[in-house]
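Each chain carries a letter (A, B, C, D and E) given by its place in the written order, and its residues are counted from 1.
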Amino acid sequence: MRIDYQIERPVTLHACFDVEGFTVLLGASGEGKSLLLSAIAGLVPARGEPFGGLPPQSRAVGYLPQGHALFPHLRAWENVAFALRGSRRRELAMQWLERVGMSALAERWPNALSGGQQQRVALARALARRPHLLLLDEPTSALDPITRDDVLAELIAEVHEATIPALAVSHDPALAAVADRLVLMHDRRIVQVGTAAEVHAQPASGAVARLLGLRNVQRGQIVGTPGEQRLLWPQASATLPVSTALPHGAAVDWHIAPAAVTVHEATSAPAGSLSATLELRQTSAQGSYLGMRCGQARLWVELPPGDALPAAPMLSLPPHAIRCWPVAAQENPTP
Amino acid sequence: ADAPVLRVAYAGSMGVVMDQSLGPDFATSHHASYEGIGQGSFALARLLAAKQMQADVFVAITPSPMKVVQQAGLVEHAVPVASTRMVVIYSPGSRFAADFAAAARGEKNWYDVLRKPGLRLGRTDPAVDPQGANALLTLQLAARYYHQPELLQQVAGELQNPSQIFAEPSLMSRLEAGQIDAAIGYASAAHSHHLPTIDLPNEINLAQPAMQAAWYAKANLKLPDGKVLTAQPLVFYAAVLSNAKQPELGKDFISLLQSAEGQVMLRERGYDPPHGDAL
Amino acid sequence: MTTGVTATQRPRLPALAAALALLLLATPFAGLLLVTDWRHFAFARGDGGAVAISLGYSLVALIPIVALGTPLAWWLARHRSRRQWLVDALLLLALLTPPLAMGLLLAAMYGPYGPAGRLLERAGLLLTNSAPAFVLAQFYAALPYYVMAARTAFEGVPRELEQIALTLGYSPWRSFVHVSLPLARLGLAAAVALAWVRALGEFGAVLIVAYYPQGIPVKLWVNLQNIGLDAVYPLLWVFFLVALPLPLALGIAVRRRLP
Amino acid sequence: MTTGVTATQRPRLPALAAALALLLLATPFAGLLLVTDWRHFAFARGDGGAVAISLGYSLVALIPIVALGTPLAWWLARHRSRRQWLVDALLLLALLTPPLAMGLLLAAMYGPYGPAGRLLERAGLLLTNSAPAFVLAQFYAALPYYVMAARTAFEGVPRELEQIALTLGYSPWRSFVHVSLPLARLGLAAAVALAWVRALGEFGAVLIVAYYPQGIPVKLWVNLQNIGLDAVYPLLWVFFLVALPLPLALGIAVRRRLP
Amino acid sequence: MRIDYQIERPVTLHACFDVEGFTVLLGASGEGKSLLLSAIAGLVPARGEPFGGLPPQSRAVGYLPQGHALFPHLRAWENVAFALRGSRRRELAMQWLERVGMSALAERWPNALSGGQQQRVALARALARRPHLLLLDEPTSALDPITRDDVLAELIAEVHEATIPALAVSHDPALAAVADRLVLMHDRRIVQVGTAAEVHAQPASGAVARLLGLRNVQRGQIVGTPGEQRLLWPQASATLPVSTALPHGAAVDWHIAPAAVTVHEATSAPAGSLSATLELRQTSAQGSYLGMRCGQARLWVELPPGDALPAAPMLSLPPHAIRCWPVAAQENPTP
């Protein structure tokens, strides 16, 4: 389903992309993602397709707003059954609550539910309508990993079985990872669209790379002509050998994967290595990252399993592992 | 509900006799229903004159309100149907009750009791209510009659003395509840509220049209707003209004008021027979 | 949910003020208890009829008040236009007009010689001393209060929830019925209670426009004039007795159902 | 924010009902325009004094109404106890009592020989036909309305925000001043406006308790009897003119400051 | 700072642990995390230390509630300045807004801010008070990775510089990764406390492993005695060789890291390998995971970079890579 919306207020925004299966929209805070969803739901004046010009009640969307917005005067199941009619209302609502793991609390009032429980009820309410388009504003932001995975599995199953296109706004890498399609928004425009694999393989810009949650996206400048190019990294007061097709003087965002950085003992480091000090260590389910300070900058490093950090570490950044994106002059981080 | 409705606008103090004796009696004998509207005579007169209110019969006390309606062209002819007189009304629960009772028996001068320090006298606004105006005129006549030149000033203070003046319903209920000690007002009103009274001599009770020229005409007061109060005999006049919906019933009702039967009812409720001429 | 902890630290002065307010409010009714002559508690002729008339017609008056006042209150709560202060002013005017003056104005418009009254009379609707006139006076006495209170109630309903109902396919009308009304119910119940007590208690306007049929307030006046205080207090007690249950039950029912 | 889209789909019937309500509300005042004799527009003696008295004492009456009513409204909004229905009933009683009856009860309690009146008189406060008596009647006429409206306003304030203010080190009192009051300001402004118009417009109770000093409602009544309707309408116009600005400005100011 | 709280209503909960530096509390949705924070803030009746019995206004905490709860009648900076006094109020508030990247929107009303912007203002408000204890309920749930990292850096700097202990509830692995200390809550009790490295190295139970976001935490049962033990995996209808000290018949949660699973071509697979089919592929900044279906179960596999999935894959799970935790009989997932 093609989404093409033009919004004027409170901020100007134009978004045009296809929603296929489970599509996740990524964008920085304040970019206008929620605004876009509510415009599609018809709650904000806007021009665009689908549903252009229809009043909200004629738009067959299932909308989960960012703040959940449960009806406080209705019990959990009544909230879910809100859009349902007929004698099987309650039964159907209970089935939906079951799917998001909330059937035990069906009789609760919303204010007796935790944040994540409310979110799940709101999700069930959006789904129960069997809409033609799902609009989900951060559907799992309040859920722990286990609950999130369970809910996501149900959500994606529903999206695929009933072939309802779903547009979800999220910051959660886990959600982005299961998306059929990622849509990236920057500077109030859509800057890249593709499957998760495509986008991760070829982020269109440094901003996209940052949105994807890549570590070590830095600012720099290309010095010299192709062949003998170097990358000026002002924050670390260093220059690194690179090879790009960019002209001399180009401002760039560049990136290197933490696992691609090699660590050496000062004595045995190759020429051009940067000296660094360990600033902090992060441990997560995906492994352990070392935050190394190089001048003013921090570079994340992932050591191969079993390796220990040498006493006086030197970092070397292989030129082939460095990816550079030119920075457009007008490109600024959104507020 | 099919019965024709006779609407009688009457001076508020006549409520008991109108609503409990005359009205029901008339309704049964004429197969009509009776609706009585009791308010201050002047308020009724103004509302009737402005056509804000509609009625078949108007019964007012003293000629003035009736003249308001006459000037508006609503009444040609009004007949006297009853009269009353000014009396001193006192509250049986008052701490001066014993003094008043003595005065009623003639053992004390009523005006001496009224002059006692701390006594709370009530009256209505002389500017808008004939009863209040008449209270002052009575005092003025009494001053002359008893040779007590300062009596009016001593008892009433200023003509519109804020501490004495109450709206009519407030005055009567305060008397009843013992919130004020005494008032000067109509004997008929005192009778309705079962309040004890002290009768006043004819020379000052404003009841006798015959004494109008000789005595009552000597009383007159000028209110600060320029309005001149003169004594008028306390006669109730009744008239059929020219815009009446039920003029025939209206006439019949006035006949009832004038009939012997009607006069008996009026007398039982504390009214005196009519005096004087038609207007 | 009281947080137990704060209760002990509650500042004194406001509590005292609230208690004083309650005490002052209670004083006249304590007085009523004292002054009522319980041994000779008796009703005047026609008191029963007055009770029936007051209750019956007030209920009737509630219908147009709620039916017309609710949409107006809703509109005032949800739309802000330049000329809204005019409507505000009109509402305030209606609130402000002393009942007596309101009665005079109603008589001027709807009386037999008034412009509206003449038309209506031709249509067979007599708006003087008739049941419709009684209801008319009550309507005017209570409508502005109802609208003011209902508007505040609607202003408290989060717009977002109404919008969510729309996205769930509800028409604005159904969204109003299923979301706005229930969420505003506390305030609306208060508004209905207010309208009820205003309509029931209205005296000044009714006195001018509809001395008959005689409801309780006018009957109190008549009793006072004709009989005296002894005939006022018993009727007042009955008045309280019959008028209180509706708003009281309304308030309790609405509060009980709060989640 | 109107969603442009829905506006066109707005159901007809409620809009008509709202318009009808407005029309009906406006009718008596259109009537007033018609019946006023503009060519002989003149004031009766003492009208000016009545205006001054009404405005002055109503402002004075607002002080105890707000000072005592606000804590009571707050308490009612924030505490639910078993015996609360008693307080509800008391409030409703006060709202319900016809002004005339309220006047009688006040006279019985606060009159010179009444239980409260005797005490107060010894303290030099005469509550009959005096400025304090006038304010007293207005206080009783307006307080229950204020409390009802203010209570609804406070009930609309999210408790969470008050609690957050506590966690930020605010005392309950400062949290009330800085969070509850501003958040309830729409409803509180309406409550003050209501109290103002009730106090100003009160006739029945004032007539009984304080024929003097003569405020506008009683003066209207006096003018009617003394001079006739021609002396009523001009005073009524002035009344509107002087009484409206305060609540109107209050409403506009409070709505303008809404984020 | 030692936290020891006992709550009775609306649910019974007992929590006792130390808050040191930046401490992150992990727990499933509905576990009672928000309840605990508001109890410490004094908003819910509870017994415990610190602050036991004090009214909320006497507790020197900086509390960021889950729904942000900004004051709608105050501008962004006024919200931050709410707890500040004196003439420098505005200046200080602006400094805090600057630190969370919100100074440009200081004059906005809260309802003109996006979800993430509101969250940052609420965080600044909690910090501005310079409390003795920070209570943060999902402080970054509405933030994209870039904004989150910026805000987190400032937050942690503040926590360490001003030595304010901070207790943050979160589901975000990024937040957990930077924590000085993790506290894990399960079944309304604290089940493990430690640094991120400690907890990741030795999760105390399967529930903890799940909360940490580890993939491949499964249910099973030990069969046989030590030495010749096998792990019964009912969902995949398979048994795997393991070596534990657990007795025969013990119900267990077990885990294997996705990278530890080896994938073989059917022809060359070692004995005991499980046949599996590719169900879905997830790509994220941390790499690419394959969701393999084995019977009813899903096993996540991370292929070594460059390797391709064979046509008929067989999975082998090295016994030394399998970690088992006994499951207590009364242990149930919380609703």
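Everything below uses one rule, namely that a residue touches a chain if its C-beta (ideal position, glycine included) is under 8 Å from a C-beta of that chain, and two chains touch if they have at least 3 such contacts.
Labels paired with UniProt names: A, E = ABC transporter ATP-binding protein; C, D = ABC transporter permease subunit.
Just so it is clear, the structure is predicted and the values come from calculations on it, not from any experiment.
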Path length in steps (a step moves to a chain that is touched) from chain A to chain B: 2
Neighbouring chains shared between chain B and chain D, ordered by label: C
Contact pairs, highest-scoring chain pair: C-D
Chain centre separation in whole Å, for chain E relative to chain C (CA means): 56
Separation of mean Cα positions, chain C and chain B [Å, integer]: 37
Residues of chain C engaged with two or more neighbouring chains: 3, 6, 9, 35, 104, 108, 163, 166, 171-172, 221, 224, 229, 232
Multi-chain contact residues (two or more partners), chain A: 42-43, 55-56, 67, 112
Sites on chain B at which at least two other chains make contact: 47, 52, 169, 173, 177
Chain D - residues contacting chain E, complex: 158, 160-161, 163-172, 175, 178-179, 182-183, 185, 259
Chain E - residues contacting chain A, complex: 10, 26-35, 66-67, 101-102, 104-105, 112-117, 120, 137-138, 141-148, 171, 173-174, 176-178, 195-197, 200, 210-215, 280-289, 333, 335
Complex interface listing, chain B residues touching chain C: 7, 12-13, 15-16, 19-20, 35, 37-39, 47, 51-54, 169, 172-173, 176-177, 192-194
Footprint of chain B on chain C - complex, ascending: 35, 45, 104, 107-108, 111-113, 128-129, 207-208, 211-212, 221-222, 224-230, 232
In the complex with chain D, residue positions of chain E that touch it: 41-43, 55-57, 59-61, 63, 65, 67, 69, 71-73, 82-83, 109-112, 125, 129
